[in-house]
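Multiple structures are listed underneath, in structure tokens.
What follows is a pair of complexes built around subunit A, which joins subunit B in one and subunit C in the other.
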Partner chain A sequence: MSVETREARQPWILLSPALSAVALLLFVPLAFIAVYSFWLRTATGADQVGFYLDNWAEALIDPFYRDILLNTLKIAAITTLVCAVMGYPAAYFIARSKGNKAILLLLLMLPFWISYIIRTMSWINILGVSGAVNWVLTGTGIVDEPIQMLYNQTTVILGLVHFLLPFMVLNVFVSLDGIDTTLEDAANSLGATRWQAFLQVTLPLSLPGLAAGGLLCFVLGAGTYITPLVLGGPRDAMFANLVFEAIITQLNWPLGSALSLMLLAVLGALVLLYNRYLGMAQLMKGLG
Partner chain B sequence: MTRKMDDTTRYHRLRERYLNGDLDRRNFLGLLGAAGLAYGVQTPFAKYAHAAAEQVRFDGWGGVVSEAFREYAFDPYTAATGVNVVDGTFGGADEYLSRVKASQPGEFNIAHLSGVFDYVRYHNLELSSELNEANIPNLGNVIPALVDVLRKPTGGSLSAVPYDYGTTGLAYNRKYISDEEMQEKGAMLLIDPAYKGKIGGWGEWKTRVWYAALQTGQNPNGIEDVDAVWDAIRAHRDLALKYWSSGAELMSLLAEEEIYVTEAWSGRVKALQDQGHDIGYYDPPGGLGWQECLFVLRGSPMPECEELLNFMLETETAIAVAEGQNYPPALDPNKVELTDKVKALPAFDPSGTLAGLNFFDPPYWNGKEAEWSKTFGRVQKGY
Partner chain C sequence: MGWQLVRLWTLLVYAFMFLPVAVVVLLSFNASQFGSFPMTGFSFRWFVELAQNDAILRAFRTSIILGLLTAAISTTLGVLASLALVRYRVPGANVISTLLIAPILVPEVVLAVALLLFLNFLNVNKSFALLLAGHVIFTLPFVILVVQARLVSIRRDIEEAALSLGASPRQTFFEVTLPLMLPAVLAGALFAFTISFDDITGTLFWKPGGVETVPTQIFAMLRNSISPEINALGTVMILLTVGLPLLGLALARALATRRGG
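Moving on to the complex of A and B:
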């Protein structure tokens, strides 16, 4: 074997464990899901093997699924926007702080040490009729009766923001931390106010981080089903809830497979668009 | 009569064909390799079936029920038989069925399921087994009505033994709703606009349809105007604050006064009452009764499972579990002396006939499952 051949093979040999894992844990299950989506559920709940387009026709044509998908994308978009507005100042503060950056980053990571479900359920103790907010409001005489704040779309978005905000802050922080602060000083020395220097220098340079955080928040937000289940009302289901119901409650794995692939296709298209215009490198930095 | 050929015979025949010159060397070695590969591929899965004789897997609801099972049934069973009991939990019957469906036969053995609807569902999916009742003498202490209803779908044999029963009645906060108002309005309270935003409901299609049938004056086991039922479910949805999805969530919503009225499981309301909450419980006319059973899945080691079921049906075990989960045991009070605590549990029937309870009619409800569960999924979300 020539040296060139050996060198050409080496990266593949080194990559083979990772490629095997991706193939076995991602592509093979996805292939199973794709095959399942063409089967049918019989009246007893058993699967009928074959090649049927019924599930896909239902998933693509039925306005029920389209409406819930659009509502899911709307909730994910609002969540992402709120995360951006709230997360950017926090990331800016951490990036520009002197000395205690590590502690601030640790504080940012702290919520991840607690289960996502517990964090979501904690809002019941905060916003519930007997929760902390109502206790203060009624105790101080601001209101006579507790206010009903839970189980609506607003609390779903609140729960999602609570879950996703650290992802936004981390991505924006990585981007801001890589910007040379002397650039702002240079802008100031050329007559720009601090606000102008921020708007025309820092913000444009940090946009890749903001976009990476936005992509993560959007994709994770659009794929969640726990938050609407715990904090939503009867009409606040998201698309992942439909997948859960089809697979678990209705035991309709074929339809659930078609729905999950549909969501995957929509979110995958978004990731591809992001990659086309901004590249995945920034996202990797943020996740790293 | 044909005799099953074992692997050694297969090998000898193959070798004979090779030595006789019927197979060339390449094909002989190729077939040996293929046999080895097939054995290697099936072995990880076959081990569940082979190892089952050394252990039995039980899946249930966890918590105090599992603790009672462990103390009164599993440990004595292991001490007596040497068979270990692997104790698993699930969050709901639907979730468990998905896991079973994705598993190999023999991987899961016994489950604490809801009967009779789930019993039929599992049977229709060819997951049922056939118990040898002679190995379960304690089955003789069980209320006959609960056993008979399980026999029908499986042609007279049993794939499970009944274990406990309860009702899904109406729970109400007595601070806001009087006993008189509840008895006067019954199921109609769930669609009373006076309590808009303070009404809850289980987000499960069968219960929603059952109560909607009561609200529209129909027999739940023979609904004639299904459109009226969906309209009643929509009316409830529009007045409800939240569909709850677990017993813990139900208790939290009632205890925190987020909701004042909902249907509820009798045992959970008893637990709330024991905690000091002023929550009333009422089984309206036509209210819903149910039983839970210990179901043995196809592919399980039957003698070991039957013996474990017998341990679980011991009076002491069944009473301890009943007191732990606040549901009466399936033991017949005419044959077994039950404790005062059990006799005070909601839904307890001292006659042992259960004649006053209404159950899902399996052929009717299992036949509607595919259509109604899907429709409810839509109605629930505003359609």
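Moving on to the complex of A and C:
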């Protein structure tokens, strides 16, 4: 074997463990559930192998699934919007602040390290019947009885915003930080007000970061089932809850496969659209 | 004026992110019977009860073993792949990169379902092995992203110098490349451990009955009522998952300055 062929084979030897792991534990399983979604789970609990459209018919036509899918997308959209409105100015402040940038950034990264389930349940301490807000309200005599503020769609969105906001701030920050500040100065010296300079120079240049943050918030938000279980009421199930129900509770795995693929198709379409117009590089910048 | 407004807004955003967590820590020291306000006094009793709760200790052991194994496997796979992508001109490197980070582009629920049903089809039941496989596959992309970002900054000519001075490729790797890569490797491992330790979405699908990790244990406890023990457990989790990376960061910095100076 020549030196050249050995040299050419080396990277593939290094890559093969990771690539086979991804193939065996992700791509083949995805292909498998695509096939599985056409099987039938019989009343006895056995799978009937074949090509049945029943699961897909149920998943696509039953208004129950459609309504929850639309509701899930609505919740994800509101969450993303709130994250953008809350996160953009904060990211702008960090990017343009002098001195304490490093500490602000470190603080921003901290929530990534704090357990998701802890951050979600922490709202029970704040908004629960015996939480901080009710303690203040009853203590000051504003209300006589504690109010139940939890377990509705608003608290689900609140929990999601709390979980996803750092993703938004970080992505917007990365893109704002890369903009040459002299551009704004130039706009100012050419007669633009600070606000005009921001709207016409900085904001458009930071849109890729905003889009990356938005995509992450939307996809992660739409795929969650823990937040609605902890902070939502019985009627606040999101689409991933239906998947969990079908797989874990009802043990209807072929139906669960069809529902999973539906979720993947909807969110995957968004990722592909993003990739088509903005490319994955921006997203990787924010993640790495 | 506008700048002051932005500053105030940022302050509020930070408060929003940290206040609820601070309340968890505060309430974990509450002497009261109940996991809620008012604070009746300062006490460590919930931490003592935590240390005597077998279910929680078991969950901790499971989470730590799972996290360590995940980190070991995921970092090994990730470092090898990153080396290939950074050090060699691989045809189709972009496609390969996308394939390798695909596990975080697919919603975790979908990944969880696919892996569970496929391995079940192969007669691998819900088990620790399934849990480990799942954790490895979704931490791998993060390891690759982190390690790749740091590998780029290691200069190739240092290795070439070693080679030209007569070191064998093996010697060069173990005595030059690996020590230089160590911060990247540790960062990747730490990242994998923390993500694994924190995961609940996939874990609830994969874990066998009776086995709990710390997050699923908290989740199970939440179903009853919010007890002060949960707040104490939360505080321990925060100390672990925030303290470890900060320690790692400090360590990396210390290593870097020692080498530099």
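In the analysis below, the second predicted complex is superposed on the first by the 270 of 288 C-alpha atoms of A that agree within 3 Å, B and C clash if a C-alpha of one lies under 4 Å from a C-alpha of the other, contacts with A are read in each partner's own complex, and residues count from 1 in each chain.
Rule of thumb we're sticking to: a residue touches a chain if its C-beta (ideal position, glycine included) is under 8 Å from a C-beta of that chain, and two chains touch if they have at least 3 such contacts.
Since the model is a prediction, treat every value here as computed from it, not as a measurement.
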When the two structures are laid over each other on subunit A, do subunit B and subunit C clash or fit?
clash
Contact breadth on subunit A, by residue count: subunit C or subunit B:
C
Counting only touches as set out at the top, which of subunit B and subunit C does A:32 meet: first, second, both, neither?
second
Mind working out whether A:247 is in touch with subunit B, subunit C, both or neither, as first, second, both or neither?
both
Between subunit B (first) and subunit C (second), which does A:204 come into contact with in this model arrangement: first, second, both, or neither?
neither
After lining up the shared chain so the two structures overlap, which partner does A:45 touch, if you call subunit B first and subunit C second: first, second, both or neither?
first
Let me test your reading of the model: by the given contact rule, A:235 touches which partner, first (subunit B), second (subunit C), both or neither?
first
Looking at the overlay, does A:225 come into contact with subunit B only (first), subunit C only (second), both, or neither?
second
Would you check which partner chain A:90 touches, where first means subunit B only, second means subunit C only, and both and neither mean what they say?
second
For A:165, decide between first (touching subunit B), second (touching subunit C), both and neither.
second
Check the residue A:128 against both partner chains and state whether it touches subunit B (first), subunit C (second), both, or neither.
both
Check subunit A for residues that touch subunit B in one structure and subunit C in the other, and list them.
124, 128, 130-131, 229, 247-248, 253
Touching subunit C in the complex, subunit A uses residues 10-12, 14-15, 17-19, 21-22, 25-30, 32-33, 36, 86-87, 89-90, 92-94, 107, 110-111, 113-119, 121-126, 128, 130-132, 135, 162, 165-166, 169, 194-195, 219, 222-226, 229-230, 240, 243-244, 247-248, 253, 256-257, 260-261, 263-264, 267-268, 271, 280, 284, 287-288
Help me check something: in the complex, which residues belonging to subunit A touch subunit B?
41, 43-46, 64, 68, 124, 128-131, 148, 150-151, 229, 233-235, 237, 242, 245, 247-253
Where on subunit B is subunit A touching in the complex?
92, 94-95, 97-98, 101, 121, 124-126, 197, 205, 237, 240-243, 245, 252, 256-258, 366-367, 369-370, 373-374, 377-378, 380-383
In their complex, what parts of subunit C are in touch with subunit A?
2, 6-7, 9-10, 13-14, 16-21, 23-24, 27, 34-38, 76-78, 80-81, 83-85, 87-88, 90, 96, 98-111, 113-119, 121, 133-134, 136-137, 140, 142, 144-146, 148-149, 194, 198, 200-201, 204-205, 214-215, 218-219, 222, 226, 230-231, 234, 237-238, 241-242, 245
